[in-house]
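Got a structure for you, questions after.
Labels run A, B, C and D following the written order; every chain starts at residue 1.
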Amino acid sequence: MNLGFLSSLPFQPVTAVLVIPGTAAILLMLLPGYRLTARLNVIAALLTFFAALTLLVERPPHGVYLFVDDLNIVFVVLGTFVGFTTSAFSASYIGHEIEIGRLTPTNLRFYHAMYQVLMFSMNLALLANNIGLMWVAIEFATLTTVLMVGIYRTHEALEAAWKYFILGSVGIALALFGTILVYMAARPVIGEGQDAMVWTALIERARDFKSELLNVAFVFLMLGYGTKVGLAPLHAWLPDAHAEGPTPISAVLSGLLLNVALYAVLRFKMLLAANPAAIAPGPLMATLGLVSLLFAGFMLYRRRDIKRLFAYSSIEHMGIITFAFGMGGPLANFAGLLHMTMHSLTKSAIFFAVGHIAQVKGTQKLSDIRGLTESHPVLGWGLVLGVVAIAGLPPLGIFMSEFLLVSSTFARAPLLAIPLVFGLLVAFGALMLRLTDVAFGKPTGSMAAVEASYIPLFAHLLLVLSAGFYLPGPLVVWFQNVARLLG
Amino acid sequence: MVLVLILAPLLLGFTRKVKARMLRRQGPPLLQPYRDLLRLSRKEVVLAENASWLFRSAPYMIFATTWVAAALVPTFATGLHFSWTADLIAITALLGSARLFLALVGMDVGTSFGGIGSSREMMFASLAEPAMIMIVFTVALVAGSTQLSYVANFMLTHASLRVSLGMALIALIIVALAENARIPVDNPATHLELTMVHEAMVLEYSGRHLAVIEMASALKLLLYISLIVCIFFPWGIAPLGAAPSAYLPGLATYLGKLMVGGFLLVLFETSIAKMRVFRVPEFLGTALMLGLLGTLLLFVSRSF
Amino acid sequence: MARSVLDIAHMLAGGLVLVSFMLLYQVRMFGLLNVFALHALVLSLSVAWQAFSQNAPHLYITATIALVLKAIIIPVALHRVVLKLGIHRSIETVGGIGPTMLAGMGLVALSMVVMLRAAAEADPLAREDLAFALSVVLLGLLVMVTRRNAVSQIVGFMSLENGLILAATGAKGMPLVVEISVAFSVLVAFIVIGVFLFRIRERFDTVDVQALDDFRGERR
Amino acid sequence: MAVNSTLVCIAVLLATSMLAIIVHKARLGTRIIYVCVIAACLIILGVAVFRLLGSPGSAATVTLPIGLPWIGARFRVDALTAFFQIVINLGGTAASLYALGYGEHEEAPGRVLPFYPAFLAGMNLVLVADDAFSYLIAWEFMSLSSWALVVAHHRDGENTRAGYIYILMASFGTLALLLAFGLLAGPGGSYGFGEIRSAQRADWLPGLVLILVLIGTGSKAGLAPLHVWLPLAHPAAPSHVSALMSGVMTKVAVYGFIRIAFDLLGPPAWWWSIVVLALGSATAVLGVLFAILQRDLKRLLAYSTVENVGIIFIGLGLALAFKANGMTAASALAFTAALFHVLNHSFFKSLLFFGSGAVLTATGERDIEKLGGLIHPMPQTAFAFLGGCLAISALPPLNGFVSEWLLFQAILLSPDLPQWGLKLMVPAAGAMLALGAALSAACFVRCFGITFLGRPRSSEAAAARETDSFSRSGMFLLLAACLLAGLLPGLVIDAIAPVVQAHIGGRMPAQAAIAWLSIVPIAESRSSYNGLLVFLFIGLSTIFAVQIIHRFASNALRRGPAWDCGFPNSDPATQYTADSFAQPVRRVFSDVFQARETVDMPAPGDPRPARLDIKLRDLIWDAFYAPIGRWIAYAAEKLNHLQFLTIRRYLSLVFGALVALLLMVAIWP
């Protein structure tokens, strides 16, 4: 695909990243018919992805509302890519759902529209140069996902959506309060009005801000956005939302929304880091991360539902990433970024596999799924590869980040490394235990061949695999810049 | 090498004779063992149906290994030509391989007695061998060599009384008793299968095979006695590079020592009774402990 | 002038906190709803006053939204719900009123300490407002935590959100306040609709969240 | 040049496993794959041999632009690497040769063929890795591929369980190594081995690293108490893979230990050797004791692997002790002995596993209580297996004896060590070593006797057939290797010398020059051994005896029934069983095993058969692992309640967190 064509479009790529999904959403709201809408959905996602790619090529100047810098472009590109692959996956997945009548065409129209809205709001949250705007966008994303989680209208789905909704709203409220406090802190320095909420302005003047106010603000922001990240005491919505919603949504949640929330947290961490007098945000994040890691690690053992299992593993990995950014320093930050990327790819891949598995086996109960590698070799080995990757075994990408994280942590703060390693081991044990049961042994359930689209699954896994061996130079430089940015 | 071959049955006969005399019996003539061997070798061989090639080749292996081991022990002169081909440890190991073959053939035919024999034999061995190694350690640490000729020389030149050596001697005697299937560990003259250890293993043998095995065990006895002799009582043994003329007195003293050794052995045997199989490990355990103690003593005393 | 301005703002904000306390010790459903209406009223007043004192006209919109939506429509709607579901008897609270009140006091104290330390030399008006807003937020959370019943939890959440609006308006010259209040109203609307949309009445015999939780994904 | 060719071969191996995914269904697929593997292994082998004998001193390095971005993947071949390359690829070649025949019986080639070359590639990669990252990647890749092979026969629950425990222990070890490297590399993250070698460290650090490395490599090598996975996982895999895991992969772990403890870590402290020696001797004795009691042929072999690893670590411990006290010659001796044993064990353990695989294919049985009399249907296998048994029992003139003999010689030099701890530790280790050697002899008499001798105890055993020629050739190749290494130890020692030179700073005196090819560790007056002559003597005297007998004695021979002691019962069940063979040992060491014997002796006149049940458990498992498992299960159960809270409770969690943090901010100075 030649980028010249895209940049020759009448509008800036930045806006393109937002406009394409927006218009697509409206279109999809109107158009009937599953095939057409599914295709349109994929195409829109693809275009968005290319638009995001063009951002790499020529970076637009910082606007008042939108801006692009090293940090958020990582998230944007990653997000749009996963969004695209997921839409491709969802096309085949939803097709099956229609056949078995779990979804009605009306649901479907709604579903696709919502999907694009989600894309839109997430991209907005990432590109927003205004902390208020970012907040609004994230709230919007949450609401859409709430609606999509509840789309099946089963007891469990509704309950999950409700739980997600209530907890999410509280999180939103806390985040808003934090945002207001930041404004209050910025106002005396920058002056009233718009500018005091513009990110680029804030970060420049951050050192002069009132540190105490910033501290309080960070507490609220950490908890507010941390709820979205799914950190341990605030995680409650995450497993059920993943388990009860349609699998593509689970993939998007794990692969994207958590990252977006994390992105918000990172922004404010940078803000605090820029202010010498404020409390160091690192320890707080590190603690929350460790707690999540350990907690999720233990929770993995008692899971009976395959999607919940991987939801908890998302909590675990978010914990690891948060810990990494909490540790700070070039190595740990690099590890954190890498881990985040790899986790998005791997986890969404796993959900692709799990979606098809659940469809062909007709159940999500772990105890009813056995011997996948024998009954459905491609899916089974795909799942094995994915779990092996997520468990942090080489030669896949996550190993590299865990390697950097653990070794650098142990060299700097040995006492922190012990719980980290312990948590990793516990989680690893649980994952491999479940994997052994699911992938091996005498097959149970239907042996029917599954009409699945393996491309997204294996595209992701291939990326992860290659990343384990080789990170392209530009990517590395870029990550290193971001790591430096995060301090 | 040939010498030991000739002497071995004689020693056996001697011990039997003396034993009989002690029991107030007339006892077989001194040369009886030779006669037995000849007779056996003339008899035909009766093989069990399912005896394998191993069963038929093993006797020769046993004989050969034992013989080589025995030939490596300096008897009356230290300047043996090939003495450097193997040292004490190697000798122990050679005997070990002989034992291994013996135990294997014990299991070959697949009767229960052979099994009993080999399992007990291996259990004894698994304690006797470490004990032996420990003894070797002690001796080697004293003499600064595991090379028998050098050891004998060392003992000859600066022989001095040492606690650890005494321990080693006792341990070695115990080991020797166990290895040669003598009372109290085993009764060479038993005819009740359940009490057999060594005999049980060779139960299936007959004719020439039996002869070879008997020869081997006779060699073993000789080997141990001459081992004890040359390590602990090397007096009169012809030193390194001595003129052949010195060999004669050496030989004489050697024979004398053999007689004494055989006599003591018999004395010991007749004075005590055979012990239960599961008391044997304790018996051998003492040997192991003594050996280890001797070694430790030397290790520690080095620092003074 | 400035003095009285400050006092009135102060009084209104303090009043809001007071009303939150009243929310805390309501045991009757309707009582709760009425008090909440009052809460919203006070809020709209204080917002209006801020609009006047900061002469920021756009805040009037927020005030009216608060007034119309929160003080009138939603309480009425909730009345309907309560009647429809027939749960107007009384609401089981977790822990007695006494402890709850004490906890509330503690929270207010905490927020005072935090804010006054934090915003020491920010301009007094904003400072007071912030402190009060924080305590309102915390009290709202406390209400949510101490009530077993969905409707009363909604009420708690809305009071919390009132606190946010208070803070937002208190933050002098803060942009987007209107948008935010609108967004929140949408959110609240969603919640209220949710009770209908999810047909909780039909699916469950009661809106008691306990009942919702019986459908926790993995049965034990 | 050496590095490049090695890397190319590794790439070929990886490509082969890719290929295997495609062709594993094809009729000739198995052949193709294994032939490719053999080719690659042979090339690496040749290069390594050439290097070790040709230009041992130097070290060639290559850096590829993959792996950790700012370091790149560094690869290096020095003497140590070359030596272990020889060990591994000899084993690999033999195993592949064996598998050419054995693999035909594989029922699920799709689960073996793709991972087998990957496994070999991983092991080779570990050897050449020259920075922490690529080292660990290779290390874990090795574990991963072998895990896949362990769970190849996945319908058997035992195997999957074994695989689970294995992969868990493996990643535990990897994390330990990761921590070790973290310490070595320091916060700056200089992961290259070069930097690590030259780095300056706090004096407390190397000790900690050594402990971590012991945990990391020990868990792979099967050092007690980290050995529990080994007797489960090794038997679970197909036999040629078991051979690789037992004979070769444990050696890779040893390599890791040597590479870090002797190379990267700088001068050792004397107390390290105490730790190593203690662990090593405990492992040796425990391993063989448990081996004696096993009824499963392959598990028995696995336990004996544990024992031999113990022996190797005893040697390494001695080497550390001497090195720490600057006694170079002695240290060189001990180190040589350890490396020699590495080589030997890789030979005869692979050989024995091949044999067990042959038995498995012939009878479908691993339980030796159901075997017996196999020497008649499969004489050649029996012969090879017997050779392996003799070698592993450390009997002259085979190779096993030489390495143990060298070890004993090294121990004899240790009274000059100044530290009291060592003065007491070393003789104890020596006793343990001797005990282990003797017990292993007993163990393998039992193993061979019950399996191959006597009468068949089951119809399968009775119906057994000799295995195919490929399998046999694989076995005899290794048997020849055992014999050669036993007869010409001098050459092996000289070949090892450059490795020793590189890591100890001294070497044993050159052996090749000595007359009659005998070996002399220190001086002839101390000790010397000549495998060749011993062999010749034995051979001569055997011939002599045979000649005499056949000349003078009657050659009459008659087949008759075995002596039944006047109690005719020809049922094979009356034979001595494996358990009864082990019974004396079990009694003697009863307090080590805690074996539960339950005897059920029916009253006279009761037709019930009498029963004797023996329950045997690995104490280490009960002592360490079971409690951990229970604890984790308990914690998981308790925490699991958090999945089932009400929304209100979740809210109160959030609320609590908020209040707590606010308090924290409030009391913040």
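Note that in this section contacts are C-beta pairs under 8 Å (C-beta built on N, C-alpha and C of every residue); 3 or more make two chains touch, one makes a residue touch a chain.
All values reported here derive from a predicted model rather than from experimental measurement.
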Top-ranked pair of chains - ranking by C-beta pairs in contact: B-D
Rounded Å distance between chain B and chain D, as computed from the means of their C-alpha atoms: 35
Euclidean distance of C-alpha centroids - chain A vs chain D, Å: 44
Cα-centroid distance, chain A relative to chain B, in whole angstrom: 78
CA centroid of chain A to CA centroid of chain C, Å: 31
Per-residue multi-chain contacts in chain C, two or more chains: 114, 117-118, 141, 144, 153, 212-213, 216, 218
Multi-partner residues of chain B (at least 2 other chains): none
Numbers and ranges of chain A residues touching at least 2 other chains: 162-163, 166, 170, 212, 215-216, 239
Chain-chain contacts as defined at top: A-C, A-D, B-D, C-D
Residue ranges of chain D touching chain C (in the complex, touch as defined): 643-648, 651-652, 654-655, 658-659, 662-663, 665-666
Contact footprint of chain A on chain D as seen in their complex: 65-70, 110-111, 132-133, 136-137, 140-141, 144, 151, 154-155, 157, 160-161, 163-164, 167-168, 171-172, 175, 178-179, 181-183, 185-187, 189, 191, 632-633, 635-637, 639-640, 642-643, 645, 647, 650-651, 653-654, 656-658, 661-662, 664-665, 668
Partner chain B, residues of chain D touching it in the complex: 372-373, 375-376, 379, 382, 386, 390, 393-396, 401, 405, 408-409, 411-412, 414-416, 418, 420, 423-424, 426-428, 430-431, 434-435, 437-439, 441-442, 445-446, 448-450, 453-455, 516, 518, 524-530, 533-534, 537-539, 541-542, 545-546, 549, 552-554, 556-565, 572, 574-577, 580-585, 587-588
Touching residues (chain side chain A, partner chain D) in the complex: 162-163, 166-167, 170-171, 174, 212, 215-216, 219-220, 222-223, 227, 233-234, 236-237, 239, 279, 284, 295, 298-302, 329, 331, 371, 373-374, 377, 388, 391-395, 399-400, 403-404, 406-412, 417, 421, 424-426, 428-430, 432-433, 436-437, 439-442, 468-471, 473, 476
Complex contacts: residues of chain C adjacent to chain A: 114-115, 117-120, 122, 126, 130, 133-134, 137, 141, 144, 153, 157, 160-161, 163-164, 167-168, 171-176, 179-180, 183, 187, 190-191, 194, 198, 203, 212-213, 215-218
